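Before we start, here is the structure in question, set down as structure tokens.
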Amino acid sequence: MNDLVLILSIPIAATLLAIFCPKIAVLSRTVSLALWFYFAILVYLFAPLFASKQAIYLFAGLSADRIAAAFILLTVIISASAITQAGIFFEHELLSENPAENLHVRQFYILAMLFLLSMITVFFCQNLGFLWMSIEATTLLSAGLVYFHRSQNSLEATWKYFIICSVGIALALLGVVLIYASSQYACSEGTLAIPELIRLAGLLNIPLFKLGFIFAFLGFATKSGVFPLHSWLPDAYSEAPAPASAMFSGALLNCALYAIMRLCDICRASGHFAAAFSILLWAGSITVIAAAIFLVHQHGIKRLWAYSSIENAGLMLVAIATGSWSLFLLQAANHSLAKTSLFLLSGNIIQATGTKQLKDIRGVLTFCPVWGVLLALSAFAVTGVPPFGVFISEWLILNELMVMGQFLPVAILLAGLALAFIAVSVHLGQILFGVPKKNFRIFRPTLSSLVPGLLLLGSLVLGFTVTPSLLAVFTP
Amino acid sequence: MISIIEPKDEMELLPALKQWLQNDEHRLGLITSLDGKQLVTLLLDLASRQAKCWITEFAGDSYRSFTSSVPQAHWFERALFDMYGLLPKGHPRLKPALLNEAYSGIFAPLRSLAEHDEGKSYERDLSYMDVGGEGVYEVPVGPVHAGIIEPGHFRLSCMGERILNLEIRLGFLHRGVEKRLTEVPLTKTRFIAEAVASDTAAANAIASAQAIESLAGLVVPEKAVCLRALALEIERLSMHVCDLGGMAADLGCGAISAAFSRLRGSVFRLGELLSGSRFLRAYILPGGVARDADRYLAEFARTLKPLRKELNVVIDSFISDAMVLERLDGVGVLSPAFAKEFGLVGVAGRASAVSYDVRKVFQNKILPEPRIRFESAGDALSRTKIRVFEIGTSLDLIEQLLASLPSGPIAVAAPELLVPDSIAVGIVEAFRGELIHMISTDNKGRIKRYAVKDPSLNNWTGLAIAVRNNFLADFPVCNKSFGLSYSGHDL
Amino acid sequence: MILTSANLVFIVTLTIMPFLLIGVIKKIKACFQNRVGPPVFQSLYNLVKLFNKDEILSKDCSWIFRSGPLISFSGMLLLCLSVPWLPLQPPVPGCDIFLFVYVLALIRFFSIISSIDAGSPFSSFAASREATLSFLAEPAFVLALVALGISAHSSDLALIFGQPIENNRIPLSVWFFSGLALFLSGIVELSRMPIDDPSTHLELTMVHEAMVIENSGPNLALVEWSYALKLLLFFGLIAQCFVYSLSKIIALPPLLLPLSVLVVMLALGCLTAMIESFSVKLSWGKNPDFIAYAVSMSLLSSLAAFAMNGGS
Amino acid sequence: MMNEVNLLTVTAAVFAIMMSGSGQSRTNLLLYAMQTFFIALACLAQAEAKGSPELYTVVIGIIVIKVLTVPYFLSWLANKIEARSDPGAFLPIPLTMHVSILLFALSHFLALGLPLFKGIGSVASDATGAISLLLTGMLFMLTRRFALGQIIGFLTLENGIFLFAVTQTKGMPFIIEMGILLDVLVAVMIGGLFVFRIQKSFEHIDVTQLNGLKE
């Protein structure tokens, strides 16, 4: 119970602060400090987990094992980084030509904190029903974040995000219901608790369970932007303010995929992983190649990274398909760190240039070398260039697939990754070089590069330190 | 009010009129003639609250038509041709407006007898517009209709169920009212005037009284002004309720229609309490009103309260019915541009973004100001909405008037002599819109010419345009939503 | 034809019920309008009055105009005698669904051409409207009957409706949806609100009333009478559908059946009156939307018929 | 008992079909409320059959939230933004109704053909009703022009899933049923808010015209 209070404390305190504190400067500093403090608390909370204990029990149906704890820490790091950067972002936003309203910024903080809380809840859920509800809650709470700019475009993006994800999540509910129905063959009352389902996996009604899995997968895949259910994602990522995009890409994506992973847990226990394996593998591979193809023709800088996120979602699906949760975690962590850095830097650049259009952003390297270098490094990190972490995880995934003898998906993935690398490099070249427009308004170049730089450093560290033995910690 | 008289040369009349109408604060009141030898153009200046008459003398029986440049003049020119045999040269479609086939070509009611003796004849073109094309057929409706309504002939050219063109022919109720008004003694004028259109009795009587009072230099006591306004609002209320009921009947909501009919009876009761006549007849006279209603005011207020409540219930159930809304939405659209061009007035005007309301401009300053609302969709729904809104306004005004009824005499002695050689106008916002009575006196102070412009005169054209491209079966709904008068038009 | 007690009931209801139905509808509508309304059998008195009146004929019309009402009356009478609109075996046996539909079509054809023959512009465009509406509504009507036929494995109306109540094998859903479809298409066929307002006086919006605008005297009486019979026929069929679907839930004694059909017919009259008091006549362009509901109901009915047939 | 549930679910599905045949926002909402009311009745019948006291609470929740609050809120919204009748997007609206009948037939075969529920004892036609609601809801979302219509379609779809959960399982855990209800309520409120914003910002709620972000 104490743990529950600890976990709830900081986000709720920050929400209350955002409700009652009209001063944005005070608010942003306090909230970002609080989040880093929150991170420290969580590390303290989860430390015993990695040392010995099996799971942290929170409340009925809410508990965290090691992998969940790792995801929670990752989510909090990403959110803390995004919120820290948001302080600078809004400072600039409030000084710009058509400044955001004070109230809207506070609403942003309120929603972001509740959104963070709902994402953390996702990882704690040990019950499919709760899992579904918290994923739905992430949609409902984050819709307001996309609408931050109050423009027609942001409204359109919000509406698409809201309606498509709601329908997707509704399908996931159908899946949950079907799984529940299948569990009634195993025990008379039926159950939605994941550990129970794993325990009874052998007794489930398999056709029903498979159907349920497919629907749940479809629902959560919509939420994670898997091709062809991705249409909302580039719009929402592109229209949301940069810190929110970073949270979407760095944290929310993981939530939905984590839910799929949870389903696979049950699947594996039931001994029918093969079907799920091929679904995930092919969905993932096709998503990777499709996203890579979309990457070639992009006009908006944030849409570019959005499609890159879709590509990485595909990779993570493949990672789940390999059955190695630690691989999934690794890929997720690497992607989140590098992508968050990218989105935050892009936010800086968009604020400085006043445009999201790739064709209008030129010569970043000239007018702000720090941003330019970091942007280039982050982009390379995301596309999997050594020595960054993504390279290691992608390599491990491909290696695993090769071991399994899945050569065609490997070929598709390789093609997709290569194409994505080329596309991103070409776009990157155009962003970095060339003659910048006159009216750039650079804003605190060093301070605004701090968080992305640190994230990038994290990615680099992951790239150097990950060893199979370290990964083994997460293998249940 | 006495209008300013300005002579205008025939050549400069049209440009001057065009320029006058360019200002949004200016309106064309009416165009007529005194004895067939001149044109009288009555103009209203809403900003300075003045009326102005341009008198254009011309020789012979014809003048240059304005219709092509000032479309709202076309009905006046047709009426002039009917009444005086004055030929507008270059009028695009000169058809009879006030007379029908029954009148022979040599008859022009307002011409003096001497001229008729000369044997002049005025060829009237009685043909209907021929709409060509394969599959186009004509549906003649009226003048005798299946229900108990006034006579009017509608020639609908249709393509399938769509109306391509509507030609309206009126004049079946021509009674020679204007002529008669110049013949009766002054004390009897008011009875004829309020019979111009009996559903607008109070408004007509007030307009007539206003014109006569201006010519006699009478100042009406404040109490009489308020009582008149009360009568006017009661009339508006009763007719709007009646029109809504008619609309409900046309849509097929029998129950709602019956409820409106019943409530209209209660409104009549208000009229009876005020004036002694359910139809507000013989109540308003030059100099004041005929009866002091002080004794009945308590009961008046008692009747009003439940009436308002019941009206709200019935109106709500009518206007918030999704099927009613759907049925009226987009039917009979009259665009604001057309409404402005044809000088629409009243409910139909306000539904098409013409915000003109006589009460805002010309009414006595001691009266409470009405709330005015206008819509810009111009369809049957917005006309109905305006009507509903005006019911609320009328009820408010009635309450305000009752609360602040001044004391004092209700009338001053009726006039016997009028100012010679002048023109006076009475302008009233009747329930259909701007109603004008214009009286011109001769050199002995007798009424020489009494012209009435009913609001329907402006609005009939609006109906003809609004029904285009609508379903044939929607015509009654369009017609009802305009709610125009036949007898007010056929003077 | 032997005068059995069943036939006696049949004949009595045939002569009284149509006027009663019309009277009840008018009475209830009047009630909603706070009026007393005409006497219940006013339409019967009107008929007598009309038969005693002279007939006025347009000089342009031919024998077709005169014969139209006659044909529709005799056709309607024939149908009433051969279709089991009370669940009693009709005096004239062997009425097939398709015969029924064709006789109705024949009647409609003659009433349309006779109204065109009158030469009045109103009756002509009303005829065109009538043709359009029945063209749209007929599929629903036929499909609903066919669905019943499929379930009953027979196209004989006497067999469909006249089956003994205990072992009636048409399922509830088919009865119910067919009943709804028949009711909705009946509203169209009988020119009632919200398709056509029978109490309107507006020439331009009328359908049925405008079609017969030129008829007068005995000619009009025949039209009115055949309309009354048509009302009886449709309400009879619809009422049976609902009674049979009710009988699937509550066990009805077979003897009560004719009585309950009559009661349901009157209830349908009340329903019609209520619809007519409170609904709004649809815009001409919205009529297909309304008829689509009738078609949907008949589709559902035939769907149910197929599904249940496959099951049994 | 089961037979009653069957009748109720099919009635709910028929209401959904009728709903898809109307372009009137108010009629849609009324029919949605009717449809949900019948789902609540089906739920009640299940509660009696299963003797589960928790289901009774769920029934009350459905009636309060989905039969009363949500349609009332949405019709208030429709009134406020004057979104009266939807012209329909890809199919004429009457045709939508006919397509949804075909979907009803399809769901009948799906319900028969799927490897479902043989062991539990519920009737397959309950699944027909539920699947039909789901498909009709989707069709509704696809064929409506108004953002409001999309919300109504989504609600119908959700009704289908809910009905499925109630009839094809032995009752979902109580807390989850209530959580779903609450989620729906919040989703409708947020959706309504955005519809209102769309109306204010674009001066229409035609979602087929929301294509500013297409590249």
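Things to note:
Per-chain numbering from 1; labels A, B, C and D assigned in written order.
In the analysis below, contacts are C-beta pairs under 8 Å (C-beta built on N, C-alpha and C of every residue); 3 or more make two chains touch, one makes a residue touch a chain.
On a predicted model such as this, the values are computed, not experimentally measured, just so you know.
Between chain B and chain C, the least number of touching-chain steps is 1.
Looking at A-D alongside B-D, one finds more C-beta pairs in contact between the chains of A-D. Put simply, the chain farthest from chain B by mean CA position is A. Taking the mean of each chain's C-alpha atoms as its centre, the chain lying closest to the overall protein C-alpha centroid is D. A straight line joining the Cα centres of chain A and chain B is 71 Å long.
Note on chain placement: the centre of chain A and the centre of chain D lie 31 Å apart, centres being C-alpha means. Inter-chain centre distance (chain B to chain D, centres taken as mean C-alpha positions): 53 Å.
Chain A and chain C have centres, each the mean of its CA atoms, that are 65 Å apart. A complete list of chain pairs in contact reads A-D, B-C, B-D, C-D. The part of chain C that touches chain B in the complex is made up of residues 29, 32-35, 121-122, 125, 129, 193-194, 197, 199-205, 276-286.
Considering their complex, residues 322-323, 325-326, 329 of chain B touch chain D. By the touch criterion given at the top, residues 127, 129-130, 132-133, 136-137, 140, 143-144, 147, 150, 152-153, 155-160, 162-163, 166-167, 170, 173-174, 177, 180-181, 184-185, 188-190, 192, 205, 207-208, 211, 235, 238-239, 297-300, 303 of chain A touch chain D in their complex. Every residue of chain C that touches chain D in the complex is listed here, in rising order: 173, 288-289, 292-293, 295-296, 299-300, 303, 307.
The touching residues of chain D, counted against chain C in their complex, run 10, 14, 17-18, 21-23, 93-95, 97-98, 101, 104-105, 108.
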